[in-house]
Each structure stands twice: as C-alpha cells, then as structure tokens.
Amino acid sequence: MNGSGILDRRGTIFIVLVLAAGVLVPASNLLLSPSSPFYVSDYLVPLLGKYLCYALLAVAVDLVWGYCGVLSLGHGAFFALGGYAMGMYLMRQIGARGVYGNPVLPDFMVFLNYKELPWFWLGFNHFPFAALMVLLVPGALAFLFGWFAFRSRVTGVYLSIITQAMTFALMLAFFRNDMGFGGNNGLTDFKDILGFPITAGTTRGALFFASAIALVGGYLICRGLVVSKYGKVLVAVRDAESRTRFLGYKVANYKLLAWTLSAMLAGVAGALYVPQVGIINPGEFAPANSIETVIWVAVGGRGTLVGAALGALVVNAGKTWFTGVLPEAWLFALGALFVVVTLFLPRGIIGLWGDVSERLRKPKPDQVPEAEAPAKAAE
Amino acid sequence: MLKVENLDLYYGAAHTLRKVSLEATKGQVTCVLGRNGVGKTSLLRAIVGQRPIAGGSISYNGQDITRMRTYDRAALGIGFVPQGREVFPLLTVKENLETGYARLAGKDKYVPDEVFELFPVLKSMLGRRGGDLSGGQQQQLAIGRALVTRPGLLVLDEPTEGIQPSIIKDIGRAISYLRDKGDMAIVLVEQYFEFARELADSFILMERGEVVARGDRSGLDGDDVRRLMAI
Amino acid sequence: MSLVHRLQTAMLLLAAVVLLACAAPASAQTPAAQPPSADLAPALEKIAADSYSDTEAALALLSTSTSPQAAVIVAALADGRLLIDAATKSVYVRAADGTLSAAATGATVSPAPAGLKAVRLNNRVRRAIDAASGALSLLAPEPARRAEAAAAVFKSRDAAALPTLQAAIAKETIPSVREALEQARAAILITAPGISEADRLGAVKLVTARGDQEALALLSNLPADATPAVKTTAEQGVAAINRSLAMWNVAQNVWYGLSLGSVLLLAAIGLAITFGVMGVINMAHGEMVMLGAYTTYMVQDVIRTSYPGLFGWSLAIALPLAFLFTALVGILIERLVIRFLYGRALETLLATWGLSLMLQQAVRTIFGPTNKEVGAPSWMSGAFQVGQLSITYNRLWIIVFALIVFVALLVVLKRTSLGLYVRAVTQNRRMAAAMGIRTGRIDALTFGLGSGIAGIAGVALSQIDNVSPNLGQGYIIDSFMVVVFGGVGNLWGTLVGAFTLGIANKLLEPFAGAVLGKIVLLVCIILFIQKRPRGLFALKGRAVEA
Amino acid sequence: QETIKVGVLHSLSGTMAISETTLKDAVLMMIEEQNKKGGVLGKKLEAVVVDPASNWPLFAEKARELITKDKVSVVFGCWTSVSRKSVLPVFKELNSILFYPVQYEGEESERNVFYTGAAPNQQAIPAVDYLAKEEKVQRWVLEGTDYVYPRTTNKILRAYLIAKGVKEEDIMENYTPFGFADWQTEVAKIKQFGSAGKKTAVVSTINGDANVPFYKELGNQGIKATDIPVVAFSVGEEELAGIDTKPLVGHLAAWNYFESIKTPENEAFIKAWQAFTKNPKRVTNDPMEATYIGFNMWVKAVEKAGTVDPDKVIATLPGTKQANLTGGVSEMLPNHHITKPVFIGEIEDNGQFNVVWKTEGLVPGEAWSKFLEGSKNLVADWVKYNCGNYDTTKNACLGATK
Amino acid sequence: MEPIAQSLLYLDNISVVFDGFRALNKLSLTIEEAEMRAIIGPNGAGKTTMMDVITGKTRPTAGEALFAGVHDLTTMDEADIAQLGIGRKFQTPTVFDMHTVEDNLLLAVKSDRRAFANISWRRTSHEKARIGELLERIRLKDQRHRKAAELSHGQKQWLEIGMLLAQEPRLLLVDEPAAGMTDQETADTADLLRDIARTRSVVVVEHDMQFVRDLDVKVTVLHEGSVLAEGSLDQVSANERVIEVYLGR
C-alpha cells in the first residue's frame, strides 16, 4: 500500500482523535460540572485551542519543509498576518466600546491622533471580508515572495535566510507605531466575534471546534496533495531539484503552489489563534517563533504531517507545563528535550511509532547503518 | 596480507553479503567479479571500513582490523578508489591529491611522479576544482589520489569506468607495474571483463552476496564464469 | 555696566589670574595659611547655603576673585572635596591626602569637625565650574591645560574672560594652543554685544575656518546688533561650513558603516566556520559569543578585586582565555552532540537551538539575569578627530581586531593542512576518512576553532554591548544574514558581506531612520539574493550544482 | 494548612528577564517577610511563580493559569505595556486583581488593575520641568524605542513643551527598534542637534537592553552631562550595574524612588533585600519599591476587608495608605493609581543616583493625560463613577467598561 | 536553410568557456530524425558539456542550438526543453533516492507535467502497464518497491535508462550508459538503443569500443571541444589523430 491512499491508518487515527477532541473538549467544558473528573476547565479550552492552531501551522510548515525541502524560517509571518487580519476584524467589532468610546477608531488610533481609519482597515468590519483577507494576505505575500525566489532558483539556506529576513522586516515594520497596526502593543481587548461575546464558554467551545476542524481540513488538504502525483514530484524536487527539471517539470510552479497554500493554512491558523489567546502583536513575527515552529516539526517527525502536528502539541504542552512547574529551569528541560530528540529519535517522535511497529513485525540485526549520504556543504 | 573471512553484511534487514572470504597478497591482483548488485561494492566498503559488518573478520598484515575505524585502516596503508569517484568537489585537483598526505610523514608529503606520468591531464589542471572535471578526469583523479597515500593495499572499485580507452590501457599497465614492484596488494572490482582477465592473478566470483567461484587466472576462462557473468 | 567699569574689572581679573597662575600650584603644596581674602567671604557664604543656584553664583564670584584660594576652592568643588559644616556654615577643603583646611584661609584644621558634608553638584554647577576653571587656567603653565581652558571658554563664551584671553594670546608661543585661544576669543567677539564690526568680521573668518558644528552654531546665532556685513559674511561662512560638513558627513557615515561592519564580521566569522565550512546550522553560535563576553567579565572581576594594576591589560588577558574556554565548550558540544548529526544538516538546527536555550539559562542561573559590567581600559575609551571625522578608539580597535582575526583565520584555513582537511571532511566525510584523515579530530578541532573565534568576538562585543544572557540572541540573525549574503563557505564573502551590510545600513540610517533603514536593508538583501541566489561570492560551475 | 496564593507573573527568561527577575525575587521576599509576621488573615501566603518568558500571548495564558488553575487571590506582575495589555482581558473576564509596578504611558484605568508605577505626570513632566528650570534647556531630543510607551510619553511631552512655548524646530523626536545596539549615527545626530547654540537635553525613553550601548556610545563620543544631559525614565540602579558609570556622571533619571535616598525604611528594605538575595552588592530600584507599595497595600486591604474576595478587595483598596520607602505616605487613588513623590537623580560614579531635585509633596497619578486630544476630558474614578474612563463633558462612562 | 529545418537537432558553432577554459570550441553537429549517433572522444573533450548545452543546463558563450528547426535551445529553461521531447541520462546516475523504483519511473512516464493536473491524478491502467513493461525491460522488477537509494551502482544505471525510456522523448541523450555494466549487459543496452533508434533520435556517448561497435552507427569524435573526425567506427579508428589522443596503442 505504501501510503498511497489519502487515509492511512495513522492519518485515520489522527483525524478521529482530533475530531473527538473537537467535540468532547467543549462539550465537557460546557456540560459537565467543574467537580467532574472529566471536566475540562475554562483555562484548558483556549489553551488546547491554541495548540491546535499551532499544530495547523506545523502541518503547513511540514508541507513545504518535509515534502518540498523548503526550510521556511519565516512562516511565523504568514501566521501573524492571518492573525492580524482576524485581529483587525475583532478590533472593528469593539466599536464604541473602546475606552475612548470612538465608534470607528480603535483605541490606539485615538490616542495617536488618527482622524480617520487608514484605508487598509476599511472593510474589516465585515467578517466575510476579513475571512477572505485571512487567506489572501498571507497567500498574496507568499505568492509574490515565492514567485521571485523560486524563479530565481533560490534554494537551501539562502531561501531559509531570506524567509527569515522577510519575517524580520515585517516584525520591524509592525513594531513601528506609525504603521497603523498598534505597534508593539498590537491588537487586543477584543469583545466579540460574529456577535458572540468572545469570553463566553460557548464561543470558546465553538472556536475550539473550529480549530479542530481547521486542523483536520488542513491535514486532509496537505495529505491529499502529498499522496497525489503532485506530492511525489514535490519529494523529487526536494531530493534532486535539477533532475526534476530535466524530466520536464516546472519546479518553480510546484514549489509555488505548495508554498502559497502552506502560507494560507498558516494564515488560517493565525486567524483562529488570535481570538483564543486574545492578542496579536508584532512579536509573532519574531524570527525565533518561526524557528520554533520548524523545531516542532522536527521534534514530531519531518515529512509526516501527523508528526508535525504531534510535535507542535508535545513541545507546546511541554512548554506550558515546564514554565509552570520549573519556572527557573524550564529552558534546561526544553533544550534537553530538543537535544535528546535529535540524538535518539532521528525521525522524530512519530518515528518512534514506526520503529516500534516495525520491530514488532520483524526483528532486525543490531546493525544500524551509519549516515549514508556524504554531507554536502550546508545544503 | 589482506584476509577476509566469512564476512556477513546487512542493509537493514537485507542480508547482502553471506560468509564472503577473500585473500589478497603482495604483488598480486585479486579480482572480484559479479553482476550488478551482487555485493562487490559492499564488500570493498567493508574492507576499507565504510560499512559496519555483522560477522566475520578482516585482518591486514596479520593485524585484526575488523573493528578498526576507516582512517586508522587508511593509516595502515589501505588505499581506496571508490565507485562513483567521490572526489572532493570544491577542492582543487592539487588539494584533492594533498588529502592523501594525512597518513604520510613530512618528508613523504609530495605527489609521486608516477601519478602525473599516468594521468598527465591532472598536471595541467592542478588549479581546477575537482567537481568541475569531466567524469573521466575525476576518475583519474580518484586513482591518483589513492596512489598519493603510497598504499600497501590498493582497493579499486571499477577504476576504468568512464575512462577513455588509451588511458584504460595505461591504467592496466600501471596496475601491472605496481603489482610487479611487489610491495603492493591489489583488490580490483571490474566489470570490463577483458581488462580483468588480463590483470587478475586470482579471482572470486560473486552471486547474490555469496562467493560462487574462486580460482587463479586460468579459472577465468571457464564456462562457469562466463555463464555467471551473463544476464 | 559702563565701559570704564568693565575695564576695571578686566584689569582686576587679569591681575588675579596672573597671581593665581603663580600661586595656585604653590598653595596646593603648602597648606600655609593665607590672610582671609575679603572677596572670598560672600562666595563662601553662598557655598555654605548649599543650593545649586547659590553655588553657581559663588562660582561667578570666585572666577573674579583675587584670592589664590579661589582656584583651590574651585578645584576642590569639582572633585567633591569641598565640604561644609551645616551647623557653623563654614567651608573646608579636603586635600587629596585627606588633610582638611579652611577654605577661606587655607589653614589646616584638625581635628576635623563632625558632620561635614560635600557640597552638592549638578550639571549646572559643573558647567559653572568648567567655565570658572577655564577662566582661571587660561594662563596655566601647562599647554594642555591652557588648550583645555581655551576650549572651555569657547563653549562658555564668557565675555568676562576676554582680557585674560588677550593676555594669554599675547604670551602664547605654541601655535595650536594659540589657535585655540584665538578661536575662544573669536567666539566671545561674535556673541558678546557691542563689539566693533571689524573685530566681528575677523572673528567670523576665524570661526569659519574651524569648520565644525560648533562653528556653525556660533555663526547661525549672531547677536541682534550684528551689522549687515557681519551677517552676510557669517552666512557665507555657514554655507561653506555646511558644504564641507556634508562631505565629512558622508565620510563619517562610511566610518560608522565600517565600524558596524567590523562588529558584524566579528560576530559572523566564527559562524562562517561552523556553518559556512562545516555546514552545522549553529544556532548556539550567539551563545558562544556570549560566553566570550562573560569570560571577559570574569577576568575583569578577578583583576578588579585582586590585581587592579592590570586593568589596562584585562582585554589582552581575556582574549586567549575566552578563546580557550569557548573552544573547549565548542569541542564538548561537538563530541557530545553534533558529531552524531553529520549528514543531517537540518537537525543540527534543532539540537543547537536546544543547546542555545540551555547555555542561556545556565549563564542566567550562574551569573543572574542582569547585565554585567565590563569596563573599557583607557586605551579603548575616548575619541580623536581626523578633520571633522570623529573616530572613537574602541571602534577603531574593533575594526583592527576584526581584520586581524580574519587574516589569521584565512591563513589557518588556506595555508595549513587543517584547513584542507576540514574542507575535505565537510565535503565528503566518508571519503576523507578513507584518505586517512582523522575525521573526528578534525571535526572537533574545527568546531572548537569556530567557537573559539566566536568567543573572542565576545571579548570585543563586551566593549559595546550588554553583557547579559541575551547577548548572543542579538547577533545570531545578523550573523547568518552576513554569512549567507556573502556566500556560504567563502570567507572573503563574509568579509565583504559584513562591510557591505554595515556601510549600507549606516548610509541608509540618516535618511530613513534606524527602523526603516533596517527594513529597507532587509528588503534589499531579499532582492539581492534573487539576483545572486548563492550570495555575493557565489561558487560557480559543476562542482556546486552536482 | 490553608494558604492564600499569590501569583507572580514576571518573565524569568527571554529579553525581559533582565528586568523582571528582580521583581519576582522582590515579591518572594515580601511574602517571606509577611509570613514571618504571621501571614494575612491568619493564613500563610504562598507564592505561585510562573515564567511567561517575555512572550506576550504567554502572559495571557499564564495569567489564566494562575487565576483558574492555581486560584491565586492576587497577581503581581508584568513589566512591558504589551504584557499588561495582553493580560487585561483575562483579569477582567476572571475578575481578579493585578498589581502593575512599572512606570507606563498612562491612558488606562481598569477595575482589576492597580498601577503602582508612575504615570507620565509622575515622571516625565516633572523631569522636563526640572531640565527647563535648572538646566535652562531650550532644545529637546525625545529619543525613544519605537513602541507605545515612548510614543505616548513623547506625544504628551511634545504637547506640554509646545504649551510652554518651545518651538517645533527645537524638538527632535527619534525612534529606534528594540534591542538597538549600534548607536553611532543616532548619538552623532544628537550631538549635531545639540550644537545649534541652544542648551539641549535628551529625554530618553529608550527601553531595556538598548540603554547600555547607548550610554557606552555617549561616553565614547565624549558627550558629557554638562554639554547635553540625558534624562532617562527607564534607567535605574539595576541597569547602571551593567555599565561603567564614570563617563556618565551627571546624566539624569527621573524616578519615584532611588536607592540612595536615606530613610530608615529604605535602609531596612535594602538590608533585607541584600540578605534575601545573599548578595551584599545587589541594588534596589524603583519598580521594586512600587511592588513593595502595592504588596503592602494589598495586605492592608485584605486585612481590612477581611477576605481575599476580589470585589471586596477592589472596593477596599482606594484610599489605602502605605508609607513608601522615601519618607512619604502613598495612597491608592480612586483611579487605581497612587500618589508618589518625584525625584530627579544624577548618575554618580558609583552607579547610584544623587538626588538633585524632588517635588514638594506627593504627586497623584493621572490615568489620562490632559495633553492628549483624545483623553483630556477623561477621568477615572472607580469610587464615584465606577468607571475608568468617564467623559466629563458627556457625563458618561465611555465604552463597555463595567 | 533547408536542411536545418529538417534536422532534429542543429548545433552551430557552439562555444562554451569556463573562466578562460574552452570546453567547447565552435562545435557544430546535426542529428536527423530517427538517427542514432555515437560520440566518442577523450576525457574532457566536451561531450557532457555538449549535452549540458542541449538540455539547457549550460548556456553557450556563443553559437546556435535549434531543435526541430524552430526551438532555440539556448534561451529555454530545462523543463521546457524536456517538454519539447529531449530526454537525458546523466553520466553519473541521478535518480530520486527517496522514491521507490516504481515511483521513479512513474515520475518519468510521459504525462501532463503541470502542477494542477498532477493533484487530481489517478494512476491509469496505461501507466501501470507501461511501468510494468519498463521494469521488466530494465530487470528491476524484484526491486520495484525498494528505495532507489538502496540500489547498486549498476542498478541505478538501469533505472535511469528506464526513466529515459519512460519519457518517450524525440531525442535521447545517453551519457555512458554502459559504465559499470557487465559485458553482457552492455551488449543488451546496445540492443535496446538500436531498437529505440528505429523511431527516435539518439545520441550516445561511450568509451566502450565494443559497445560502440555493437551500435553500428555513425561516430563523431570530439576533441578539445570540436569535432576531430566523423564516420564509421572503423574509419575513425584508423585515424591517426584519433588513435593518438583517444584510443591509444
């Protein structure tokens, strides 16, 4: 079978688990009494929702990195742009309930003496428009960026570093107070979404459910792509880009499609993330965030989609937990986790599954073949 | 000199070499023959230490080198010309040759004249990067590089691949010259049968990871060999 | 104030200064009592009140005082050695050796009364002190002090100092000091009211020749009574100065760029080895830099507490130690982690990121999260002028240092067998081993070398940046940018890349501002990579594509 | 035994750890001391420390964790404005109490937050007054990091200066990014601006790490305090501990507390702090004092209300008085800000500040600036109006604030 | 111009210079429809470089390269050239290591190369049959599910030949197909190529004279970047210069 169907066993289990969580978590939060052992607290719902968004982001990164060999150190930018699009919608929803009571201008604009809404804020009071922008803004940026970069055959670390430069530049830009996006403080203090109060349990539950659906949807889209022949070409591009060209494939187009799609998924993840954590600010553009995303993928298992999602979950849950129980030493724990995973789980956490199930099927000699390919300089 | 006994080698679960034994002596050329994919390259890589083995032993000059690291084996004098050339692409031709100095004492750190006699093209391209050379030039470089180390055992994996006929003849002459000097043992994998037949003092013939025939030069003309080399 | 009166004061002042010039050094030596000078009394009274405006007023009085104690008092005030007894309202001077004397007479007082406190200073008072001591030392015997005094007067433009200045100019033999004195006079002539047109014109010319910002300030703030002729000459002067300053400005920005470039180079050059040559995406590189900086801190700490005399040498001592220490850490990291990851370049990113988190936290745990003070030895502080170019010593040294490191590294990599083996190992580890190269040792040495160089970069960066656990984070992105921009695996690329980015940044900054400038630069890098997808010094040919 | 939990929400890693870790330790010290005195309401206090890691969304998450999972009664935390903004909705939603101990840009008053750091009128404006009066400054460089606190503060200052008759061309506003390290050009620009013949000063709202290289560059380019003084609002003893201050003598800072102020309370506090951190050189600073005041106010309010119930404590807090460390008595105002003295200190060569000026009495913190167009009509009064942004012209509480 | 339009490949005066070194020197060559041509020449003569020029990997410094009389190969990118119907086997076998043998062939099989078309792709029975056939031909049937990385050198050679066939190009450029093969396999490869050349054009580079003899086609000898001799193998083997620089004595 070698995984050519859209749904292999691993994928099915993954989807079932995510969907089950999507239903059960909000349900137990809303329906059960807090004393019940199965009660999911108000604190956990948005937290888990956040993880789901991260997982979607990781899946998006894995599509381009794991399958297409494009190591993006700038996916945080697409995530953040999607987040900003959503944040702008949520800001507009505040209406006259801001501290200055201005019906049109968000608070930060009032105290920066804006007289009217900047043009790029227009339309964001309509949800459909905002939702469209969630897809279009990261998509368009990615398309533009990819169009140039892939056509110029920028590859390897060069591509990685310019993606980093991109997100870094955006970060600096969004930090600027004059950009009209709230500067360092970003957008926050949201009131409601689609007319529902954002802090209500039901809204939280709905957002959680939406995140689960988005994750499953994103997974299915990516999975559909990678098992198709298109996906095989992507892998070919990853391993021997120029050889693929000699077979007549327009490599740039293949990359561009995956790249743009991935950026849009990242945008969706960002858009769902914002209402659940309640803030979007330029820190999301920080290169370190993008690097971390890549690390989730690596921890989970690059090139496996499910692994990427799993990695995002594990690392972030670890972070939440460590920062709570080991506030002074959690970086040791997290750092050690990364080192240990690299050294002992070369194929990530998901590789563990593969190893175990393989070992159960056929015992193999204790010989471990050493790294095969001669290392090429940094690429 | 070199003694390989009952070698077993796996790729993952695939049992690729089964109890392969081989001997090479000073002043002789030992040929390893066999069709594509029977395990010739795997055998050579095990000898130079690039592949871990699961069973069997390798000794060199009476010393057990089964568990020795690649570079220590090289330091003992095992020179290797791999299949696929593996020149250092970004080093110049000169630098490629100089990597052979690693095991040499200070006074020996020069490129022996025979290298340039054998492959004059290398001399004219000393400053060019290895990766820029043509395929055949790279192959010549790979052989020359191995000779720089003044090996006591020279392990050659299809050295004539991609080389123009005249130079193949030269290489043949060179190998017999080296053999006749008497201070070097040579293990040669070769598909080009004529070439092998002319040089081989002894041979082993492999089939699916096993040695199915062995003998001296005269054995090469046997029908068995011809049949087994056929498709 | 009538002219006569002014002349009188001037004469008095002149006399006082001449007297002072002879007496001041003597009185510092011998605390022999002087008869209390009548004109000191009001000044001391004001000082005893210990309010800033009173002290300032007192200084004005002191600068015209005829008493030789005036200079002593001013000097003591400047150093915080002027003490008052709040109860009795009396003022004392504490000499450098600790002996106490009455300010008014210079008579030694012992035992010291209890409850003395130093006269408080603020910037306004400090400025008044500068002006007063400037006026008082225009005729000092040491040329350097005279020059300083002239500069102080140039700044204060204190018309009262004019007569003394005239006297000083008449006496002056050293041309450079004379020029300074004349410029000081010119400054007064331009700003003081009621100066003749001819004098002013001469002054304007003199000041124009000076050609710097201060000259510009002087010329563009003529007093109301300046005649049209003076005004036009000044305007021409302003235009001329502006023209030349514009050129100097470009030069200055290029210099800043060079200096920023050298910092980038230092930060990146270790990475050019671990990443550029070895192919390890070394996210812990910044932490190596940080460790180097902390080594400097440790060295200085030991020196400060145990061998204060060696402070001037602290950086020289720190350099080898930082190199060794970080190289050792690098070797450890390589042996324990990185060596299992060759051939899996991308995973080195993950592991080194983890290591960088751990190193940061380790330093935070050991040294605390706050900045550590790393001082600058005297040869690293201050600035000098080349024309209108102001060059700071620390930046100059850093540039020199960066270039030395670069050349040394180039020699190691190009001229030693280590360099050859390193490149062989990274291009094909398996084959390198088959050639007899001890790959493990080479890897460890190379990573150690890269880390060690990062460490000595840390020594240099400790001079201009925070020494805190976050130090490395600030440089890691820029370092990667430089290495990649220059072309991975090419040391010259790193050099040219660092200086190009540095200079471009500094040329952009004045127009676009620091934030926009940086954004523009990043966008330029992105566009540039489109043009040259393998960096500035791209390797070409089959060798690369294969 | 049952305890009262106190949340500590300060970054212990990342860029802000450099400043915030101290405050975490300060809270821990005060809790320890309070427990020695028998705790609060007969119960011991228990600190719950988490690390939001200088990551703003993580602040919100951790705040939620503290309140819902750990059930803390009060939280001491945040440093940057954005971290406060990020946790605000959480405190509102879950109705808990945050004490915020850092000077900030104002323009805010929330029911659940108590601001014990300085509002702009308690730091920026007095500093400018001092420079104008004492140093006769006529030309102003407003140099800041590009984010909301400097932007807003400078907006207020600009309006204030212009109202005082300073000309537009005598004000230069300039912003640099976070963590800016190469100050050569900026400092040269300041030097140039300052050589126009009028007395010039720099009002620095440069944030965090960027200060050290800034001051180092000032020293290198030979800008002395007597030429162009710099007054900073975020450089305190802690920051100076990382710099060689000899070249900086005379530069200024405006704070509501300096370690060098000699009062018995302060001496005791410093002693306790150095004993607690087992470091005889450890310095104290203004946000620590703000934490100290806030902590003690909370203790008093809880004792008075007899419960930790947030509503009751919030209602009790306004009017609570607490002796500060500089000899006065600060009071929590109905706008949830406190009264504070303002000091101007000059940097000394030992890394401490010499107080050169102070306000007559205590200055009440103003949530809304009179110098900003949008907020000049706003007042915050949680006692009278139960509103943080009451529009005195419309006589209405704006927006949705409860 | 008449003959130009007719010949499938037309190279005229092609020069390639690498920092001063002339790898190709005014090389001219035409290949007709359904012609097979063997190219021999010393190492470094420029044979591979010539193929690089034809497939768009290397841009000539000067000269003209036309395909089917109309397509200017010097301005097109690799993918477009491949889509015109020029297929290539590299000197060192290059296959997709992480793909199975079967998928390697699948990627090569003639089909719509556009990205979107391949998303909604279903394996057709035609493709299946074709791949089966090819696997048979290159004798890798047993290895079909193995990763290409695990193949031996010779097996990779065969796989790459298979991929070339799968593309069904109009012009096949085959760089040293027999290297690393046994004599039997070499002969077999010759058969295969002769077979193909009945309908398509083939350019073969090889140093194995026996193989070239088996092909029995016109031979072009390159030397130092230009044509040294042309004719049947026997003719060129008799050429003194050819013996001197290439065949040896």
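In order of appearance the chains are A, B, C, D and E, and numbering begins at 1 in each one.
Criterion: a residue touches a chain if its C-beta (ideal position, glycine included) is under 8 Å from a C-beta of that chain, and two chains touch if they have at least 3 such contacts.
The chain lineup, named per UniProt: A = Urea ABC transporter permease subunit UrtC; B, E = ABC transporter ATP-binding protein; C = Branched-chain amino acid ABC transporter permease.
If you're wondering where the values come from, they're calculated on a predicted model, not measured in any experiment.
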{"item": "Distance in touch steps, counted as few as possible, from subunit B out to subunit C", "value": "1"}
{"item": "Chain closest to the middle [Cα centroid of all protein chains]", "value": "A"}
{"item": "Distance from subunit D to subunit A - Cα centre to Cα centre, in angstrom", "value": "35"}
{"item": "Distance from the mean Cα position of subunit E to that of subunit C, given in whole angstrom", "value": "66"}
{"item": "Between subunit D and subunit E, centroid-to-centroid distance (C-alpha), Å", "value": "74"}
{"item": "Whole-Å gap between the CA centroids of subunit A and subunit E", "value": "44"}
{"item": "Contacts with 2+ other chains: residues of subunit C", "value": "360-361, 427-428, 430-431, 473, 489, 515, 518, 541, 545-546"}
{"item": "Multi-partner residues of subunit E (each touching 2 or more other chains)", "value": "18, 57, 92"}
{"item": "Numbers and ranges of subunit A residues touching at least 2 other chains", "value": "172, 175-176, 242, 328, 331, 372-374, 377"}
{"item": "Contacting residues of subunit E [partner subunit B, same complex]", "value": "18, 21, 41-45, 47-49, 91-92, 139, 150-155, 157-158, 176, 179-185, 188, 207-209, 245-249"}
{"item": "Residue numbers on subunit B that touch subunit E, as the complex places them", "value": "11, 14, 35-37, 41, 83-85, 121, 128, 132-137, 139-140, 158, 161-170, 191-193, 229-231"}
{"item": "Of all residues in subunit D, those that touch subunit C in their complex", "value": "12-15, 17-18, 21-22, 134-136, 146, 174-177, 179-182, 184-186, 188-189, 191-192, 195-198, 209, 212-213, 216-217, 219-222, 225-227, 229, 238-239, 241-244, 247, 250, 252, 346, 354, 356"}
{"item": "Complex contact set, residues of subunit B against subunit C", "value": "48-50, 69-71, 74-75, 80, 82, 86, 88-91, 95, 98-103, 129-132, 145, 149"}
{"item": "Partner subunit D, residues of subunit C touching it in the complex", "value": "52, 120-124, 126-127, 130, 155, 213-214, 216-218, 220-221, 252-253, 256, 259-260, 263, 360-361, 364, 368-376, 381-383, 390, 392-395, 463-470, 473-474, 505-506, 509-510, 513-515, 518"}
